[in-house]
Amino acid sequence: MQYANLPTDPAADERPLAAGVVGASGYAGQELVRILAGHPRMRAAVLQARSDGFEPIGAEGLAGCDVVFLALPHGESRALGEELLERGAQVVDLGSDFRVDGWTYGLPELHRDAVRVARAVANPGCYATAAILGVAPLAAAGLVDGPVHLDGKSGVTGAGRTPSEKTHLPEIHGGITPYAVTGHRHLGEIEQELGRLAGSARPATFVPHLLPTSRGLLVTAHVRLVQPLDQADLDDLYAARYADEPFVRFGGLPAPQRLAGSNACWINAWADERTGTVLVEAALDNLVKGAAGQAIQNANIMLGVEETAGLTAQGLWP
Amino acid sequence: MQYANLPTDPAADERPLAAGVVGASGYAGQELVRILAGHPRMRAAVLQARSDGFEPIGAEGLAGCDVVFLALPHGESRALGEELLERGAQVVDLGSDFRVDGWTYGLPELHRDAVRVARAVANPGCYATAAILGVAPLAAAGLVDGPVHLDGKSGVTGAGRTPSEKTHLPEIHGGITPYAVTGHRHLGEIEQELGRLAGSARPATFVPHLLPTSRGLLVTAHVRLVQPLDQADLDDLYAARYADEPFVRFGGLPAPQRLAGSNACWINAWADERTGTVLVEAALDNLVKGAAGQAIQNANIMLGVEETAGLTAQGLWP
Amino acid sequence: MQYANLPTDPAADERPLAAGVVGASGYAGQELVRILAGHPRMRAAVLQARSDGFEPIGAEGLAGCDVVFLALPHGESRALGEELLERGAQVVDLGSDFRVDGWTYGLPELHRDAVRVARAVANPGCYATAAILGVAPLAAAGLVDGPVHLDGKSGVTGAGRTPSEKTHLPEIHGGITPYAVTGHRHLGEIEQELGRLAGSARPATFVPHLLPTSRGLLVTAHVRLVQPLDQADLDDLYAARYADEPFVRFGGLPAPQRLAGSNACWINAWADERTGTVLVEAALDNLVKGAAGQAIQNANIMLGVEETAGLTAQGLWP
Amino acid sequence: MQYANLPTDPAADERPLAAGVVGASGYAGQELVRILAGHPRMRAAVLQARSDGFEPIGAEGLAGCDVVFLALPHGESRALGEELLERGAQVVDLGSDFRVDGWTYGLPELHRDAVRVARAVANPGCYATAAILGVAPLAAAGLVDGPVHLDGKSGVTGAGRTPSEKTHLPEIHGGITPYAVTGHRHLGEIEQELGRLAGSARPATFVPHLLPTSRGLLVTAHVRLVQPLDQADLDDLYAARYADEPFVRFGGLPAPQRLAGSNACWINAWADERTGTVLVEAALDNLVKGAAGQAIQNANIMLGVEETAGLTAQGLWP
């Protein structure tokens, strides 16, 4: 793998790295703690949250951390994030505050070199990770014609730990529930990244849905092409793009239930020559590759440890 | 309602109508029996199936029926369907054998007049019903630009009563599973009907998915427009098309779990002016409006009884 | 059936009966409204709730009702219930306030004659209905030795419409969750009724569990016997007890998923001669026979209309 | 921990141990392979199954293995198991063939010393593991009065990978399904072990149920006592029994969904002094502590490596 050959900080191999987790009582926060418990180099040294049993939230308590993970509700990271940067900390924010025109966008498969030298990384949204990785090869090759049509499906943990009437089990059991049909929070970062890849604005439609499940996420993309592409060329395009990526799996029928606990994004693409369209499926675990796992992947890169450290679990299936 | 004012056969008001159900042991077949048990005019007089406890399958045993429902596996209706027609029976086939370039396509919201005089009706597929009703107003108005992009999600009863490895609970629990990405059986009838409405070929992409649920179905459509349309005009277009339809509900966030047992198709459409796209959601119960309920709706029309007879149940929710 | 031969109020056949539903926005309340929509004699004339879109809660607004259903949170029925009685109303309370040593206990299979002449009926709890009907034949025959051991499993609607951390989907998805292991609210009414049947105190253990489903409930009973009983005698005992009951089904493997929307309680009992124990399963829909359906059954009896009126729906299955 | 201080084979620390997995295509077999992929000392060296992509089943191909796991359908292990023993292999059988009056019963919490010197271990059934561990402290203390009343609930993976009508998703979705009410396969081993602990025959009733989930299992026990016991004494009894056990967790509300992928058995017990009964809940992951994880725990003990090796994963939750 390209990045595996890069020199790493020798000192980094010798001492344990201390991580701070802010928002440790939420689903993403506790997933960070769970993954760090099996990490060979990094440990959860400071756990902050508003709940009982945790330290109070604040920059002072995080002073000795090699990296700080912010796992706060969307919109609540900005002040603490900026204060931590001023104090010289390295920060990965799992919220949406810094993703658009903000910090380094922490999708390693697209921005590994930038993450390596970044002190402040905005961890992508869960839907955005799947959507961008799913469509990136087509966008980068200049093949996309008009808006990308995205359909998202996610388990309820994507909506966080706070119960609400909209996510109450009897409301969503036994079916599937659309929401935020024309204005989901992740649309901005999806368009930002696809536009960067394509070299011009790349609008998208995105219709998210709640599944009657806990974790797991699938994004389906219908992508019209500017020129014909057959299945062999399509396979080559994706294989070339992702051959060296440790966390991208290509082929088969991506199904998020097979990725529980894994940091993989599982992608496949089908050329529908009859309609001049490519159909893409991209699955992941929204709490791992869509949140805590990807945050640790980013921290691994930032701190010069093996990118896959702590992230080698297979999906727990069935 | 237009059709409510039509004269009905006076004699039809006086005697019970006998229905034959062929394939009564399958999910669609037993749903026909369940609905007919509450039908004010029609009763399940003959139940045929290959399983024990039913009469053997054959045209002779159906001789006295006013209408015969064929609820056989796809591809197995042809011979019996044609024999029944030769013997003078009125038939509704729930399979796919006669849907494309075959019998009268039994989507009453599009073909009510043809169904009224038909002796042989092909009941639409479950996905097709939602997809066509969802996009019909746009197609009929000549607004669709290029292929329609359809994303389907269905409970496992859509795959029938026979267990298989692909639908085994541990394979699909806790996630969502794509299948038949580029070539689902219902694509032909969807394109046939949208093409008829538009007046020219109307190709579509259609990616179906299995939900970890039993019944219920949702189709999401991303439809690019040939010209801009704002939300008010879009609402008017759908409202005008469906105002008098007893089984189409417009508005809100369509969710199939609210329609269990109901014959409704629940639709909403959003104008995404930023991308020149309309986003549509269409939900239904795949065993009712997607199969047995619509078959009885067709039979009601064919036999001159009230179209909604036996089909007034609200969705069982939560 | 014994009760089917009783004279009914002739006038009752001629005019529609007006029902008031207090708490119409909760799950039990909206289920009352749903069932009443298909009732041949009774209609939901007044809907009161704290939510928008309903009339405010109060006895004045219910003055013209033939019967009032109270579907309020547990503990909130007492004042209104007593005021309604003073004003001369007939009331069915779906809460727990009046079940123990209070109003007529509205389990028609045990207290039909008392319900017929009652003006105030306490509708049994959902678990209690299944537990009592499941064990009643054994208790009444004096066969129970020591405490009855009950294990309950219920969908989340049993916990009501208000979301909570304990019932949040990610907390209970993919498993089963015990709660209130030694002190569930329904234990009092279960012991009251089994004790009345047995003629002496009949203690019980009862461990309830939350299923990762929406509606449906199963109670399993392990009942030690004072004397041996073989399967044939056991079958006879239950058959004799329930032969004429329109809403009790005996035999097979009771499964609540087959009873959705039905007012049936489905029971079977197995003689385990090796251990001197009878094992009982009793399934029902917690919102129908366990709440709204049984309340309407009680009201039907109180108002002299056919006991099964409005309650003939089969379970919606699969 | 008692066993952690025992001497281990020094050579064992130096070379990787080769495991053979027979039946590697089934759910238990693939779980063995998944866990072994993260095992620090043992690797899946030979994979045999009847399916394509695996070596054919037979003793010859397993000659070089340090341990062989038999993960075959119940009743199919006997011949191969005995042949392997004759050839000098060490074997852990995950089936039921050798559990009753057969090989060493591989429940390490009860029989660790015997497992350490055994060449042939019968891995306990999933329900049996939870039932026995849940009731063992009471049985061993001679406190159990009469039969133990057990209620089991399990996800569908417990029924294996082969689809069937009884486990078809639409049959079990949205509810809970009893089966084998009076004669489940695991009853024999439960009674054998509880009887050994109690010193006299200890009959049990056991009613198993299928949950609409994939993995996870809960056993509830209602245990009448020969003498009163208060909560403090009960807590002491369990704490003393399990304090040093790495895979038993005591306290709280055991819920199997929190143990996915974990080798823990989570137990709690409540004294119901009113009825002279103890109520016990015991949860586990049926594929891990109920099958593959416990098999590896046994192999670790047999081969003299750290008992917890490869088995340190926390439950994946939510």
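Some points to look at:
The chains carry the letters A, B, C and D, assigned in the order they are written, with residues numbered from 1 in each.
Rule of thumb we're sticking to: a residue touches a chain if its C-beta (ideal position, glycine included) is under 8 Å from a C-beta of that chain, and two chains touch if they have at least 3 such contacts.
The structure presented is a predicted model; accordingly, all values stated were derived computationally and were not measured.
Note on connectivity: the fewest chain-to-chain touch steps from chain B to chain C number 1.
Residues touching across the chain A and chain D pair largely coincide in numbering: over half of the numbers involved belong to both copies.
Interface comparison, A-B versus A-C: the higher number of contacting C-beta pairs is recorded for A-B. Of all chains, the one whose Cα centroid sits at the greatest distance from that of chain C is A.
Chain centres here are Cα means. That of chain A falls 48 Å from that of chain C.
Rounded to whole angstrom, the centroid-to-centroid distance between chain A and chain D, based on C-alpha atoms, equals 36 Å.
Taking each chain's centre as the average of its CA atoms, chain A and chain B sit 39 Å apart.
Residues of chain A in contact with two or more other chains: 27, 155, 157, 170, 172-174, 212-215, 260, 318. Considering their complex, residues 27, 34, 37-38, 157, 173-174, 214-215, 260-261, 287, 312-314, 316, 318 of chain D touch chain A. Interface residues of chain A, counted against chain C in their complex, comprise 27, 155-157, 161, 163-165, 167-170, 172-174, 212-215.
Of all the residues in chain A, the ones that touch chain B in their complex are 146-147, 149, 151, 153, 155, 170-179, 181-182, 203-205, 207, 209, 211-216, 218, 220, 222, 224, 253-258, 260, 270, 272, 274-277, 279, 281, 283, 318.
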